[in-house]
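By written order: A, B, C, D and E. Residues from 1 in each chain.
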Amino acid sequence: MKALMEVQGLTKRYGGFTALDNVTLSLSDDAPSMTAVAGESGSGKTTLARMMLGFIEPTQGAVLYGGKDVAKMSASEKRQFRREVQPVFQDPFEVFNPFYRIDHVLTTPVKRYRLADTDAKAQSLIEDALKRVGLRPQDTLGRFPHELSGGQRQRVMVARAVLLRPRLIVADEPVSMVDASLRATILDELRTLNRDLGISIVYITHDLTTAFQICDNIVVLYRGTVAEAGAVERVIGDPKHPYSQLLVSSIPLPDLDKVWGADEIPVTEANAARLNNGCQFAPRCPSVMEQCWRAPPPKFVPDTQRLATCFLYDGSAVAPDDDVASVFRPPETARLG
Amino acid sequence: MNRFFASLRRNYEQGRISAILVLGLTILIAVVLFGVVGSLFVDPINATVGAVRPRRPPGADYFLGTDSQGRDMWTLLIYATPNTLKMGLIAGFIGVGFGAVLGLIAGHFGGVADAIIRVISDALLTVPAIAVLVVIAGNIDRMSTLIMAMVVASLGWMFTTRTVRAQVLSVREKAYIEVARVNGEGPWEILFAEIMPNIMPYIVASFVGTVSGSILAVIGLEALGLGALEEMTLGNTIYWSQQSSAVLRGYWWWWGPPIVVIALIFIGLFLTSVGFDRFANPRLARR
Amino acid sequence: AQVEDMPRNETLVLTPWGDQPAQFANVENWHPYLTSVTHQRDVMQFTVNEMLFYTNLNTGELIPWQAESYEYAPDFMTATIKLRDGVEWSDGEKFTAEDVKFTLEAVRDAPPESRGAAAYNEWIKDVTINDPLNVTINFNKAAPRFIRDYLALGHENHHTILPKHIWEGQDFATFTNYDPDKGWPVGTGPYKLVLTTNQQEIFDRRDDWWGANAGFQDMPAPKRIILVPVSSDDAMGQLHIANQVDGGRQLLIGTFEAARAQNDKLQSWNTEGPNWGAPDGCDYSLVFNMMKEPWNDVNLRYAINYAIDRDALNDIGYEGSQKPVTYAFSGYMAGTWLGEGSPLQAVLDKYNLDDPSQDKVDEYMANGGYAKDGNGLWAKDGAPIRVTVRTPAFIQPILAPLTQQLKNAGFDAVQAPVDDTWLPDIQSGNFDTMVFVHCGSLSEPLETLQHYHSKFSRPLGETIPTPIAASRYSNPEYDAIIDRMDAVTADTSPDSGYMKDAAAALDIALRDLPQIDMLEEFHVVTFNNTYWTGWPSAEDPYVAPYTPWEAFNVVIHNLKPSGAE
Amino acid sequence: MSKELQRYLLTRFGQFLLIIFVAVSINFIIPRLLPGDPVQTALARLQTAGGAQNVDIQAVSASYRAKYGLDAPLIEQYFNYWMDLFRLDLGVSFANFPEKVSTMIGNALPWSVGLLATATLIAFLTGSLLGARLAWPGAGRGIKTLVPMMMVLTSIPFYLLAIILIYFFAVVLRWFPPAGGVDTTRIMRFDWETTRDILNHALLPALSIILGNIGFWALGMRSQMINVLGEDYITFAEAKGLPPRRIFVWYGMRNALLAQITALALSLGHVVSGAILVEVIFNYPGLGSLLYVAIRGQDYFVIQGVVLMLIVSLAVLLFIVDLIYPLLDPRIRR
Amino acid sequence: MSAPKEVDPVLEVTNLNVHYDTGHGPAKAVNDVSISLKPGERLGLIGESGSGKTTMATALMRLTRPPGRIASGSVMLDGKDIMAMSARELRETRLRDIALIPQGAMSSLNPVMRLEEQIIDAIVAHTSGMKRAALNARVEELLTNVGLAAEVARRFPHELSGGMKQRAAMAIATSLSPKVIVADEPTSALDVVVQRQVMQTLGRLQDGLGAAVVLIGHDMGLVAQFADRVGVMYAGKIVEIGPVRQMIEAPRHPYTRLLVDSLPGIKVKQALIGIPGLPPPLVNLPPGCSFSPRCPFAFERCKNEVPQPQEVGDRQQAACHLYPEHSALPPMPVGPNDTEAQP
């Protein structure tokens, strides 16, 4: 398997605090995939995304793009990388410089990456990209960001990424600030990009329902470590790790037959002080065992297409290498066309 | 240009351009016109030493009386006002230009540049202008309004640096800066094309503040007799009236009119800066 | 020590002369010979200290005080002073010839920065005591003017006798002469220091003063003298209006008039303006650096002279309170040897320098080979003549009008910033032109005339010994006349040889015009009659009216309570 | 004390020392950049004192030079300068030799601090209160008219205000003494009479500073307060049914004042240099007058000493603000 | 639990209008809204961003601030009209009778006061004569009620996590056992686990106090999990209101229907369908039904006539011209996902 991007043993520390701890994940180049990264607030999702985008440097480990370490790239390699790996940010307002019209974020990459040699070509490129995300160029161009709705703004940002025809889009909570009704539309567009243009997408979210709907695989992070990973049907449909279980059972569904667990979740973290080297989830875990405090659990593979870092599955096979992608299922190319 | 007017209109409609700003600018323009237009109607000779009978109260011959050096106060005022404004503006431009660039660099690039700029600006913040002026005054054979303006500017940039730096730090964290990076913009382009336009209101507000601070400092130094005494300025007029004990003698027309003009300049600048404050801080505009 | 309150009408409040910081410095140092400690000229001289003699500069009359008389030997190589009997120090010790000998020799041997040390070292060989009340000074060379100049004139910073029993064995350079427990400073004057702070120096009357006991003088009327600092003309005016001071710092004429309008008890020397003030022996002159091009050109100097309108300078700079002059002979005793029939007056009249005229400017400039350039400025070989008008701060009022007059006459004149570099520059010759205060004759013409003697002149770059020789003028012919005059006492009768020499010297001085004298300085000394009367004035000129001059002690003894509550 | 707090304090202290170092070095250089010879200049003023014309200039300047350590190489002078500073020795005044500069400053300081700092604080407090009231909805008519008047007064530099005040209250009306720190004949004691006399003299200068500054603080406070009043916690405080006064003071002003503290420190530090003219105009015996006279007389070490005072006091004030800021704003206390 | 039936409403809002004055005229952020709430009832209000939920919540307590103003309407709380109260009465009523859990709990606590002071402030403003010790005990009790340790009382807001702040605000809101609690998106910034914890706490408190709750949110799932009755807001109006099950299973208003449809589940993968178009600008509402430009069923009448709320089922009301002609919502027409989609 040829890898598009490899995240190798990635660790990030802020001062003494470990935001991300030894995460390995490779994205296949053969079949453009959609991978979700989920987890509670502060679990290290954004940290991971920013390292994948080359915005911050890892404390340990490396991000390889096309086999090259992003941190050690030459200027021209970096340019290439910049162009091929594009972000979509969470807040659809902050991504626009209020001083400029919408056009600014679209024309700049065309100019900087010399995507077109004539103005007309540039114009048609931009209009194409906008149409692709369901925006009408004549209604969109020439406006100031605050004149557009949140949904429209987010679509412009997707259009911006489309324009560059990247190989990988890292979308950090792209819809958490967008209304429920628009959310669907935007995610649908991301999925279309993946299918139609073959762009790999890393979708970062704490919303498991949308992850379930659009992604092939998911990585659940807890305090910087991988709790569970694998195909979405597996991980969300039948979570194994106590944390994923908690997450899934906490999803508020507009489904009156599926009520929230009546059991209240313990609020205070008893024994938090005991934790030093063991499983990060141990203090909150309802099925915590003695060994959980001692050492971090390895990546067990309780059944196919998933792994869970939990001693409950002691005895199952352990993932052959550290790479969580090893248990991923191939993308549903079948649905194409 | 179109964009400028569009944004002007938008700002006006959003209540960001207030009556206060308009009033402030009007006063300032009136003061400038007083100097510019006034000079068409008076003979500059009357503002030279010994040109008219000294120490005359206001009357038919001398509209605002004459001073102890035999100068016509009205003429003097007309020539002094633009000179004083000029010093403020020059100091404002130099101070804010310098201060803003340093603030931008310190905020944007951080690290060593930031540390150096911060320590120097904080240290200079503690040095009183008088100390520097004494040195400069001693080192040149003739004080001029231009030099005064430079001296004041040399100590008037630190506040701008502080504000601009703080603003850059907050703007720098905005997501659109990262967007600019992935859009292929370089660090300087980001600084000047992405960051700077957004802190322009602060720079402008800081300019107004620096201009009035500079005028205050210039007049203060002049009133201490440290100015360019040969040139006609409002501060020098105050100095000479102090030298001649004009207050005690009840010769209000020596110190009264310059004080009124100075006050008008300050009120104008002050209202303008309040107006710009609302501009830079939309929350204020709503009240 | 506890200081009691004293009614205002028994207290005399004075300020130092000139602008002072609003705080006194060195308040615990009462050494009268330290140049930088100004207590002597500010207050000590009319409270704690007295002098051997004073002089009424208005008349030339000698006022013996601690001494009764002095007498020169015919060759002027010695002088003998007879002390008054009954003079006592404030600690009860007798004032004797020992003290005089000690003081004169101590000053002679003092470090150079001490007041008078250089002069004493030049003139005094030693001092011999004849008896306790009789002392003879032996000079190094003929010194016909020494006693008058240093011990009798009663003019600023001349000298007081120190109590030997206190000063002997002290280090003259560092002794502070202050110890309230021991009653220091000790002097023969009727006042003792009771409080010295940065805000006030307070002296209370000492009722065991020798003068009253010996029947020499009545006790002075003020029971307390307070010296307070004052930093500006304005402030002084305000203090006068509020009756918070009785005298001291002079006022500007305008301030004086304004203050008098609010307080009719204020007086100056004269009863009418604008010449309210009294002369002080100095004038304002424009000095040329004779060692520099083009200032060594007499045509240029004359042209500048005729560009100057002294009346206008007086009017604009000083509101008419000064007096136009063409040479530095002061208004004091000059009256006795100038005027109708005086050979000196004839010379002044002959040159008639106070005659502003653009024609004469043009004429002299043409003579000198100057022409006006494209900007209408006088120039030679295309280079305009830049006249930099520099002054010390205390002559600043003249700066603007003088510059303007020169500009009007076609000179490229500029005002220099007012700071204190002017004197070092004078000393080293690093200047072109300078407005300076030229202090000349209080008594005889020689006092002024000697200033152009080449013994004070030095080549450019070398320091001149006295700033009065700023022009660095030198002329052997002139020197010879001055040397002649220096060896004899002044005989100011019109036909004397002395006066003939004086006229000859003056003629040379005005012919060469190394400096242009412009205005005689008249200070509007201001006294307040609210609590104290009896101040000296033109109507009652018993002594010169300046507090920094030693003879002000005589004023203290002439004051009378006004009777005001 | 937490590790973070310790580190915060240490960093701040380091910065403080660095700033002092730079500023003090600038202060060392400043007079040395003056043209001419400081000793000659010092002698100049002696000579104008009259009578000293027969002092031997050469000898005196040599002896002064040695006395003030000005014959040493620059780097050595710099070193000595620091050594002297540690001994609190600021040198001597040329103009008032052998008076110590530290003594002169010590004498002037209480007057300046008493007058200027008090007046600045009063202006700060009343101005802030007024500004806060102005931002508060439903501000009374009185305040709405009072504050603009204050703004106009603020627009006049306060030394000019001093001139006007003197003219009306001391010259025309004669309600207050126009000059000085106390009556000339007052014997200073710790009693009511003296205190009243001092206050009486301080009133006009203080008033000119207060009137000249109040509007500045009012305006700053107003805009801070408007910001604060837009915060959610104010709405929530209202929703809690708190009395308006409580909200005004503890939720509004308390937060709005935070932003004003640094400005206060800066202005306290600049009080002396800013108020030189006020002191000069009122003949007030403070640092301002001292500096003024020293500048006019180019009294080398006195200028240096006073400026040093200003620099250090401002740096110290800023440092203190840094130190107490965490106490005022718990958010910084991390 | 379900609401008791024939009891007088504790809160009755009639024809409430709240406008923001803008440069272009008034923005009708709350437009003729009437709702009533029985004691102990849980009412959910959902609607997309900008539909006027917060405006409504603040207006209920008369906390509306310029440029907003309450143009008309009444809010009867237990028989007393909040809109007509004196300032003093109003102050006493707030918190004691009706309490707010603000939208931004993150920023609703005074950053410079310790939590306990902020709680005590609230209590002291309404009761007199309580001793410090009693107050402290009460603070502890309140914090325990919301699941916070007593030690938290000594902390400053920035030392609390988002969930803790939200609970703290809840503790303050329930400190005087109010009759009505208005909770404005109390969990929108929290992740699901914490969200659930907080909502469960709120539910427990409500049970204990017997207070009525208005829960505002934009997440249908969350509201469905909590409320008995749900109202849907669109452009300042309540377009449909009814018991929660009916609203999800048989929505009558096209907007409600589209909203429910846009919610993804986790059972089967399905097409994600959003609602095309944008809400209208509040200063310039279309003449007829505000939703008509986006409505797949819109017909001529919708563009001219403002629909009034009408009964469309058991205790279910909708403001839509489809009724009473239709008895249920017709099947969705399938059209391109386009802004200008028309039936």
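Here is the rule we use: a residue touches a chain if its C-beta (ideal position, glycine included) is under 8 Å from a C-beta of that chain, and two chains touch if they have at least 3 such contacts.
Quantities reported herein were computed from a predicted structural model and do not represent experimental measurements.
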Count the touching C-beta pairs: is B-C or A-E ahead?
-> A-E
In terms of CA centroid distance, which chain is the most far removed from subunit A?
-> C
Find the geometric centre of each of subunit A and subunit D from their Cα atoms only, then give the gap between the two centres in Å, rounded to an integer.
-> 57
Give, as an integer number of Å, the spacing between the C-alpha centres of subunit C and subunit A.
-> 93
Centroid spacing, where centroids are CA-atom means, of subunit C and subunit D in whole angstrom = 39
Subunit E, residues touching no fewer than two other chains = 66
Quick one: which residues in subunit C touch 2 or more of the other chains?
-> 234, 238, 241, 419, 421
In subunit B, residues with contacts to at least two other chains = 138, 225, 242, 247-248, 250, 287
Going by the contact rule at the top, pick out the subunit A residues touching subunit B in the complex.
-> 53, 55, 79, 82-83, 86-87, 89-91, 94-100, 105, 108-109, 112-113, 157, 160
Which of the residues in subunit D come into contact with subunit E in the complex?
-> 137, 231-233, 235-243, 246, 250-251, 254-255, 258, 328-331, 333-334
In the complex with subunit D, residue positions of subunit B that touch it | 119-120, 122-132, 134-135, 138-139, 216, 219-220, 223-226, 238, 242, 247-248, 250, 252, 255, 259, 262-263, 266-267, 270, 274, 277, 281, 283-284, 287
Quick one: in the complex, what on subunit A touches subunit E?
-> 40-41, 134, 136, 149-152, 179-188, 191, 206-210, 212-214, 236-237, 246-248, 250-256, 259-261, 264-265, 267-268
As the complex stands, subunit D meets subunit B at residues 15, 18-19, 22-23, 26-27, 30-31, 33-36, 135, 151-152, 154-157, 159-160, 163-164, 166-167, 171, 219, 223, 226-227, 230, 266, 269-270, 272-274, 276-277, 280-281, 291-292, 295-296, 298, 303, 307, 310-312, 314-315, 318
